[in-house]
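Each of the two complexes below includes subunit A, the first together with subunit B, the second together with subunit C.
Showing the complex of A and B:
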């Protein structure tokens, strides 16, 4: 059984000018101990998709399809079970560490808090002990236990947020652009810490990023989203080294290979603009920007086809290299 | 015009330094600490480094927005004297493009007004609408008329950045300084803006300074690279040479991180980004230097003597006691 299993998830909001279809039939599994990367641009629905796993979608959202965690549909759960689901089964690391931390509480208290609320550590002294261990594991000096967020550097704050997410030893960590706001070198350090923790505790991770070069470093599998759908999915090496979908190819090319003469003075560019989130017409949503588009692409929407190692939703490139 | 092997320089910084002091009696940050660089027409220089290395401060010195404590900024071989007239001429010739296009545009100004603003400030032009039209077309917004009456919120991120670039082009500057011009843009749009910068450099013979932490962008569009660390340029040369044969351990570390994958993880530099209020003695990179920590080198000079940038080939210079 998969830890997380999304089955044909559709999510829409009502707006004054008609419904906005944010997710349009997403099927995805996360196995135990697996790191799955979700790639895509702003507005493609990747954060919304992740939010459904912990039932964090806004109450105004209309959702259909199955969101199963450990075989239980999270949208059928009693409220008490949802509380347990958040933090204890799955936790989230967001992009801006400063916004995830309470400015008037010490970082030590903040790492202890989820353990005490969820009762994963029976006493404050045990919670304190575990929090101190976590701080060491993420590479923040233990002397900073009583420090306030503003006294830490950006990289240290993000490490504290990671320690909080690990506090209840969840089965799943959802990392939503966790390193985007950080500097190159600090970004690499934070990634290393996160990945080591996930591996050493045999956790699963859903890692959301627009940056394929980051996903290349962390993910076992990658799902590429466009306009509320997964348009390509497979093992990291298949997706990055043999991308099939023209959109994935464009994304891969957007990150030049440093030192490759073919990428000198020839930045890859994709014509057109990303679609307006939630408003997609008939046919493949990528067709208006697609260099390989054919007549059939504007008439029907392709489905994700292929093997478990590599699937793609494209009439033109689907099934061949 | 004199003919020489030296490339012509439009904009040049000569040994500029600038310190900031935090409040009263606070620590002094040496943001830029004795830097020289020059920009030539039709060439792109990428200034790369981590946040806090002083690259944006240096860019602002080159724009004449801040006055350095020491050193000179020269526009076509004339030092800027920071008089109103000299700055006005500077601002016509040297234009800035920032990271966040939404922050650079007034939400209540139309695209036309945003692009025409520079012209009006500089005394207006009889052929204003033609120049706005041409600037928008050069920035890839075609047909330009269809954009005149639109507001920033009605545009996509890539289109907004093109409007900012059009606003910079309308005065027909000779130098464009782009500070992280693609960092806030989506992956599929980045390439478009970088392509635009490449074509502007070729067609208009612009001198372009690309300020970035992204070595990939530098490899895509820059003729030359200058790597900055704690207020100093530690390595500079043609992009191909610096990328293929990096001599400074810091340049090698940056390249390794940019190229890391799951199969080949990068060896990371320890520690936080350096603090310009506490610049280490000797070589400022020595506390994080992998050569020193691995014991590969003796390292005594690194702790005692500040290495100067010196040429190791015609165009390639490095500030390291042990260039590899």
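Showing the complex of A and C:
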């Protein structure tokens, strides 16, 4: 049984001009101890998808399909069970570390908070002790335990947010673009800390990023999203080395090979704009920008086909397995 | 190698540190000195001016005598020392001011946070109740309540407290809405925190500076309201407050007698206390924000 299994998840918002379909039938599994990367550009539904796992989607959202954590449907759970699920089973590393920390509480208090809420540590002094250990584990000096968020550097804050996510030793960590706001050096350090903790405690991780080079470092499997659907999914090596979908190809090609003059003179790019989130017409959503599109692409939407190691939703390239 | 000296971060309960900084700020110190002066005066009034000096029948001074050595603030129409009246009046005025503020601030903060945090029908209902209290004119409601409940210090405290909260609730609600939209509240929801936990541990500390700054304004308004209601004759006739001294002086013809000390002394006391609270309030607001506390 997989830890998280999303089955044909659809999510829509009602708006004055008709429903906005943000997720359109997403099926994804996260096994125990596995790191799954989700790639895709802004507005394709990555964060919304992750939010459904802990039932954190906005209350106005209409959701259908199955969101199973440890075999139980999250949307059928009683409210108390949902609260127990949050952080104790699945925790989140948020994107903006400064903003996801309360400015008027010390970081020590904030790391202790989930332990005290969920009672994973029997006493406040033990929680304090554990919090201090966590701080050391993520590489923040213990003297900063009583510091306020604004007194830390950006990298330290992100480390604190990671310590917080580990506080209850969850089975799953959802990392939502955890390194986006950091410079490349700090990004590498923070990634290492996060990955070491996840691996050493045999946790699963859902890692959301628009940066394929980051995903290449951390993920066992990668799912590429476009316009609210998964268009390609497979092991990291398969997806990055043999991308099938034209969109994935464009993403992979966007990485310059250092020293290769061909890349310098012909930067890979995609023509056109990504579709407006929630408003997708008939046919493959990528067809208007696709260099390989055919007539059938504008008439029906391709489904995800292939082996467990590599699946793709494309009429043109998908057939040639 | 150059080492940068970082000051150790102040611990969460840096009370002594906070007091030190409060004292260092000139405006706060001035406000605090004035307040302490009035508090001492209020507390020692029974020792300095025995209750018998307030009795009209036992008053020994000449009526409407200007300030002199024997009567530093002059006397009233019955020959009582205005200084004694003002000292006794401080007790009631400060008590009513602080009591009414405690009521209105607790109500306003609780209702404001709840109406901002619960977005559904609970928030809407609380918001309508706030609106309703907001549009009722203060004086008529206070007059009606004071008449119905009967004049006493406690009535007047309750009346001011129960009519002064909607403004605070509005302010706190607006700030709660802005705090609720911040990612650390999303984090606390993702933590599995209950609503009560979110409100007490995340929203309240973030709206607290606003509440405290507003408290000092509210104390001023409460003292002024007490003065107003007493001046209109709705206070406790048996107790002396700054408002009732003004009322009495006005009715005894202090203006036509030219007894400036009679109306001036309680009036200036009201102004000084209000000023002192405002001065302290501004400093407390700056003090409570941890991001401004590193560099005093």
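The definition used in the following text is that the second predicted complex is superposed on the first by the 319 of 321 C-alpha atoms of A that agree within 3 Å, B and C clash if a C-alpha of one lies under 4 Å from a C-alpha of the other, contacts with A are read in each partner's own complex, and residues count from 1 in each chain.
One rule holds in what follows: a residue touches a chain if its C-beta (ideal position, glycine included) is under 8 Å from a C-beta of that chain, and two chains touch if they have at least 3 such contacts.
Because the structure is predicted, anything quoted here is derived from the model rather than measured.
Superposition of the two complexes onto subunit A shows subunit B and subunit C fitting side by side, with no clash. After overlaying the two complexes on the shared chain, residue contacts for A:92 are found with subunit C alone; subunit B is out of touch.
When the two complexes are overlaid on their common chain A, residue A:114 makes contact with subunit C while staying clear of subunit B. Residue contacts after overlaying the shared chain place A:106 against subunit C, while subunit B stays out of touching range. In the superposed model, A:132 lies in contact with neither subunit B nor subunit C.
When the two complexes are superposed, the chain touching more residues of subunit A, out of subunit B and subunit C, is B.
By the touch criterion defined above, A:2 lies against neither subunit B nor subunit C after alignment on the C-alpha atoms of chain A. Of the two partner chains, subunit B is the only one touched by A:270; subunit C is not.
Using the contact criterion defined above for the overlaid structures, shared-chain residue A:70 touches neither subunit B nor subunit C, since it reaches no partner. Contacts of A:212 after superposition: subunit B is touched, whereas subunit C is not reached.
Looking at the shared chain after the overlay, A:147 reaches subunit C, while subunit B stays out of its contact range. Superposition on chain A leaves subunit B and subunit C with their closest Cα atoms 6 Å from each other.
Shared contact residues of subunit A, touching subunit B in one structure and subunit C in the other, are absent. Subunit B makes touch with subunit A in their complex at residues 50-51, 156-159, 186-192, 194-195, 198, 213, 215-217, 219-221, 239-240, 243-244, 253-255, 257-262, 265-266, 268-269, 272-273.
Looking at the complex, you find that subunit A touches subunit B at residues 41-42, 153, 155-156, 183-189, 192, 210-213, 216-219, 236, 247, 250-251, 253-256, 258-259, 263-271, 273-274, 289. Residues 54, 56, 82-88, 91-92, 94, 96, 99-106, 109, 113-114, 117-118, 143-144, 146-148, 150-151, 164 of subunit A are the ones touching subunit C in the complex.
Contact residues on subunit C toward subunit A in their complex (touch as defined above): 8-12, 182-184, 186-194, 197, 201-202, 205-206, 208, 289-291, 294.
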